[in-house]
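One chain, subunit A, appears in both complexes that follow, with subunit B as partner in the first and subunit C in the second.
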Partner chain A sequence: MEEIRTGVYICWCGSNIAKMIDVQRIASEAQKLPNVVMARDYKYMCSDPGQDKLIGDIKEFKLNRIVIAACSPRIHEPTFRKALEQAGLNPYLFQMANIREQDSWVHIDREYATLKALSLIKAAVSRVEHHKSLDKKFVEVNPATLVIGGGITGISAALEIAGAGKKVYLVEKTDALGGIAAKLDLTFPYLESARQMLKPRIKQVQLHKLIDIFLNASIEEITGYVGNFTSKIRLKGLEKELQFGNIIVATGLQPFNPASIPEYGYGKLPDIVTSLQLEEMLIQGNVITSKGKEPKNIVIIHCVGSRSAKYHPYCSRTCCSTALKYANQLLSVLPDSNIYELYADMRTFGKGCEEFYSDSSHRKILFLMFDQENNLPKISKAPEKDTSEMIISMHEKLSGEDIEIPADLVILMTGMKAQPDAKDIARLTGVSLCGNDFYIEKHPKLDPVATTTDGVYIVGNCQSPKDITESIAQAKAATARVLASIAVGNMEVEVTTAHVNEDVCCGCQTCIMVCPYTAIHFDEEKKVSVVNEALCKGCGTCGSTCPTGAIESRHFTDIQILSQIEGLLKTEKESI
Partner chain B sequence: MNMAFEPTIVSFLCNWCSYTGADLAGTSRIPYAPNLRTIRIMCSGRIEPTFVLKAFREGADGVLMCGCHPGDCHYQEGNYKCLRRYFLLQKYLQQMGIRKERLRLEWISASEGKQFAALANDFTEAIRQLGPCKVKTVMDTLT
Partner chain C sequence: MNRIDPDFKEKLKPFGIGNWNECYHCGNCTATCPHTEEGFLFPRKGIRSIQLGLADSIHNNVDPWLCYYCGDCSETCPRNANPGELMMTLRRYLTTVYDWTGLARILYTSFPALIIAFVLVALSIIGVGFLKNFDRIAIMEFGHKFEFFAILSVAVIILLPNILRMLWFTLVKEKVKAPFFFYITGFVDLIVHMFTQKKTLKCEENKLQWFEHFILVLGYLLLLFTTVFLNWFGTENLYIVTTGYSVGAITFVITFLFIIRRIRKKSELSKFSHPSDWLFIIWLFLMGLTAFLVRVFIDLNIIGNHLWLYLVHLIILAQWAVLIVPFGKWTHFLYRSFAIYIAKIKKENLIKHIDKELVTVTT
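Here is the complex of A and B:
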């Protein structure tokens, strides 16, 4: 039996941990735990000197198990695993205790927080004793890529990958490429034509030999894992199978339907249009009212369905700049008109956009502020004698006055919401949804286009509302990741898979029934279950179902978790 | 520290939704009761009934299991398996003389930091009302 020599490190994370947890006290308590050779506290374990200390100690004290109490393992587990490798230790002989996100940041009593941290460290120390070395496994990467969504984001991703000489399958659910961008006249802040930008790119995609386009297509199923996915897609009643190594999800979003906001009367009065309806009018060069007249008073209402507890809490991010774009466009086609911008807050971030706002505010546009939370402007039909068709009554927040504005045309700056089938695509691709049904990235800052499912990337508006610039930046970021994996040719895969101990397996096949990936089959000759480790994703459901304990969920074995529970509860009711 | 009864609760959180939700409570700095001690597993489907029983045996006053919302499981359906085991476990616990309210199953998504904090407070309070679980004391006397 090897002698277990555990090193315990308690990170201060500057003051993030140290202010709420007595790090020195738990370091000295940890020193007394079984198998612990040394315990230290250090300011920033993740820093280079922190990692060097760890590597040095492993060598000097012949440590063969490491526990680090610091932030969430979701943040720095990979960092420390690499450090272990550098020190020549298998990266799985390591356990983290999350004493920041789940302790120092959420507790306000230093004594309790310290006790909890110690308990989590005891659990980690007693778990890590049972950790086993696991060897890295690699799979070959299929160089084809599936791009879901044929909007400007998906098109950009497809062109980038095909441009590097790799195959792309571009799947679009509607009958045309271009998405929302194809419905736009001009773009902000430089008022360039969206079509001039989009059309040549669509042509390029259509002519590219390495891009297969599937229109009117739906994805029925995606199976496999990073490097080796297989998908069934349905096209006009036909089913087709595709194979690829990576997936880029660029499914975009849909506009919010303003009919649900009673104050705006959308659908009841004829000359209230949404932003996309106005785009259509502008493209046609035909901005007229339902009576065929040129509108004299035009009112643009911001934040329709956005930043409101009642509809959607988030900012749709592009509407303010788009509204400014409309004001400028309308002023140039109808120079005699009066333009009113009714806004809640002006949010014109992004390169050139604040300048665009500043320039616009010097033009003949009247900006009026309303109270988004309590007092929306109200649109009603004007009395017969009025020259305008509608009247908008509002409380102007800055002046504090109740005012009325005549209107011949009202434009609602409708916000954006997730696609109606966002959940279906999420399920197919294994991506998580946030509360608003947008997709969640692997890490909001450090890994913004990857997801928790390896080989699946999210780009553009399906991740959250954003403009064309940001969407294309994301598309290109994801393609860089995809092309890197293709260039390397193989990819590291999950090693924490299930494994059957054939001597213990009784052949009941319960595991086969519960496996969601059909990764287990029955060996008729040996009468035992066998796990296909390439298909296994390591959920561990089979392990907790197996009546004989023949299945081991690697890195989450029974003995590891049971020891963790023991360690966790050891501190309680014993004092320090 | 005061000497009033402070329950010890073991929570099993799935990596993809609930653990991430608990981390979000942290990054959002939402304070909650310090009684929860978390064990991270990849999927709520990995929560073996033995783990729950072991936690009570070792002195837990309550056990919380959390997974992704139905339909959102990272592994497609592990949370449904957890749900089935939960119903079975509740029956079993009662036969062992453990109040079934001491075990709870809740769905927490990766974006529900606030809900996780509220759940931690709520469950801690519920267990505080139930008082200490005596399984460990009894078992220690018997064995």
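Here is the complex of A and C:
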């Protein structure tokens, strides 16, 4: 058995740590710990001279375990691991003690903070003794990509990848490409035709040799891991197997059904339409009431289903600008009409949209503010002799008065909802949900299109409501990630994974139920659980659940954690 | 319930600014205005009523009369919506709403009708001169009697019913009620304000404006008093003659300043001028000037050879008395004063309501 030679480093982090912790004292204390060959303090361990010192010491003192007491491992663990590698030491023979975030920053008593730092270091020293060398693992990447959803977002992703010369499988559950964008007349804020944007792109997709389109297709199963996925898809009774290395989920949205809002009486009165129904009327160039007349008073109601505790709390983000688009379109086809926008708050963010609002506010459009929380406008049929077909009664917030609005045509700006089968797709692709059945990204700021499952990307409205511009930006962002992985050709995967000791496993399959990454499957022949290490994230859930202790989480083994706890408790005992 | 009417704002175009769309209700004007208080959130609220076309809410509102047009709101408005001038527009409109004859509306909205009315009055005076064979004594006697008669009949036939209509719109129809006591004390405020316009002083930059206006009102009322009741043109009493000269001079000098200011358009107050504004100050100026000159001619003993001057004065006086006083801007003198009275009662009514709410909350 090799001799354990531990080196301990205490970082000052300038004054961040040193002002609250007596670094010199704990350095000399650490020197006395078992297996510690040397201990020193240094102003900035993460700096180049700091790392050089570490590398030099490893060589000079033949160190084979390193403990660095500094900031959070989230910040500099990769830095120091790299330094260990440079010194010829396996990067896993290393442990960090967080004496900044967990100590100097949060305490005000220097004596106690110093004692706490010492116990954290003792814990690390006692743990690192049991660390084992772990080797890097790589998997090959299949250069084909599966794009789920043939809307404008999926189409954009497919074209981008195929344009780079890589194979794409485009799976669409309906019988046509284009999605919601195909149902739109114009787009905001520049009033460009949606079809003129979409049609040539659909054609391009259809003609592209590297894109295989599957319409009316459903995904039955996806297995495998980043770089090597296999999927079964079903189309018209046929089952087909596809193999690919990455997945882009672009499943989009479904419009909210306003029939569930009693105040609006959608479906009961004839001249109340949803935004998509109006788009259809505008495409046909035929905006008329059910009686075949041109509407004189047109009311556009915002936030239908959106930003409401009763229906759904989030903002659908596109309706305000879309409503302005309608007002402008309707004013140009029916210049004598009165247009009313009933809004809760105007939210016309985005390039060119606030300007669009500003321009529209100078036109013959009356903006009326309603109370979204307690007092929705009510639509009712007008009495026989009234000049209009319907009457909307509402409490208008800016005037503080209860008013009545005549209406011949009412447009409900229906919000966006996640697809009805969002949960199924999430289960198949290993994506997690974040409330309201939208998919959650890996990091809301730093990694907005990746998911916690490597090789699976979420783009467009399946992630959250967004407009065409943002959806396409996401599609192209995911494309760059996919192409990068294809270009490298292989991928490093997590090595701190779980591992089943087949002799001890009783085959209870508890681990399979708790695994959040569907990384464990059951070997029917041997009657034991098997971890797919390419999928495993090393979260440790299975290891702590396993009733027989058959699962070991690499780098988080029982002995490592127990000795860390033991080290921590040692100081407590002595100091009390 | 109040039905909205998007075409209503079209009706207001002849009264001043026609573009009511600019305001997006940030509330800056209300925050700037020194006269705003609980229950009187102008100018914003009035603008909203116009945008929505809520006629009742506009007719029952006295807020426009509580604004003295310092122009702070217009100067600081982020949308250049001109709330100050919008208030002025509302005052012009309300003047025609209160007028039961409908003549005010015609004179405010139709320029040709205005010209015809002024020409007709002038021709009538010339006609009277013709009937009296252009005899100086007879004409001047007629003129003196006419003043009495005009003041009395305009007050009884036009102004009194109009004030009652104003009270009807703002208090009775709205079912505003206050303890009896306030209906009496309100009159004290009304009279004090009528003769001092002291509320104007609440506007920060209006100190000089208030003083000029105060002197002008004083001059005008005294000119009226000396000519009508003290027979300035007929008396030899030195005190009366001197008083007449000074108040006549005050009237035309101050109105001259006002005219210059409206031409220069430097302050918010004088930037926009409606025909009714021009008529009001020009006729007041001409009245003071011609009255002054008539007395000068009398004192120089040349009025006999220059009867035309008196006729000109009489024409201006008649146009003033039968057109501008009952149907024009002169009425702001009354409506502003009564607005103080109405606001006091509305405020008491509001306090009563708030008290009631508090009682229900606590019990």
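As a working rule, the second predicted complex is superposed on the first by the 372 of 576 C-alpha atoms of A that agree within 3 Å, B and C clash if a C-alpha of one lies under 4 Å from a C-alpha of the other, contacts with A are read in each partner's own complex, and residues count from 1 in each chain.
We adopt the following convention: a contact is a pair of C-beta atoms (placed from the backbone, for glycine too) under 8 Å apart; a residue touches a chain by one contact, two chains touch by 3 or more.
Keep in mind the model is a prediction, meaning the values are calculated, not measured.
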item	value
Which superposed partner A:V333 touches (first subunit B, second subunit C, both, neither)	neither
First, second, both or neither for A:L562, with subunit B first and subunit C second	first
Per-residue contact with subunit A, leading partner among subunit C and subunit B	B
Subunit B versus subunit C as contact partner of A:E401, first or second or both or neither	second
Subunit B versus subunit C as contact partner of A:T496, first or second or both or neither	first
Touching partner for A:H362 - first (subunit B), second (subunit C), both, neither	second
Partner chain in contact with A:L191 - subunit B first, subunit C second, else both or neither	neither
Which superposed partner A:Y112 touches (first subunit B, second subunit C, both, neither)	first
Contacts of A:K423 with subunit B and subunit C, given as first, second, both or neither	first
Subunit B versus subunit C as contact partner of A:Q102, first or second or both or neither	first
Residues on subunit C engaged by subunit A in the complex (per definition of touch)	1-4, 6, 21-22, 24-25, 45, 48-49, 51-52, 54, 57
Complex contact set, residues of subunit B against subunit A	1, 6, 8, 10, 15-17, 19-20, 22-23, 25-27, 29-32, 34, 37-43, 45-51, 54-55, 58-60, 68, 71-72, 74-78, 81, 85, 109-112, 117
Contacting residues of subunit A [partner subunit B, same complex]	72-74, 98, 100-103, 105-109, 111-113, 115-116, 119-120, 123, 423, 426-427, 430, 432-435, 440, 452-453, 496, 514, 516-517, 537-541, 543-545, 553, 556, 558, 561-562, 564-566, 568-570, 572-573
Complex contacts: residues of subunit A adjacent to subunit C	338, 361-364, 366, 368, 393, 396, 398-406
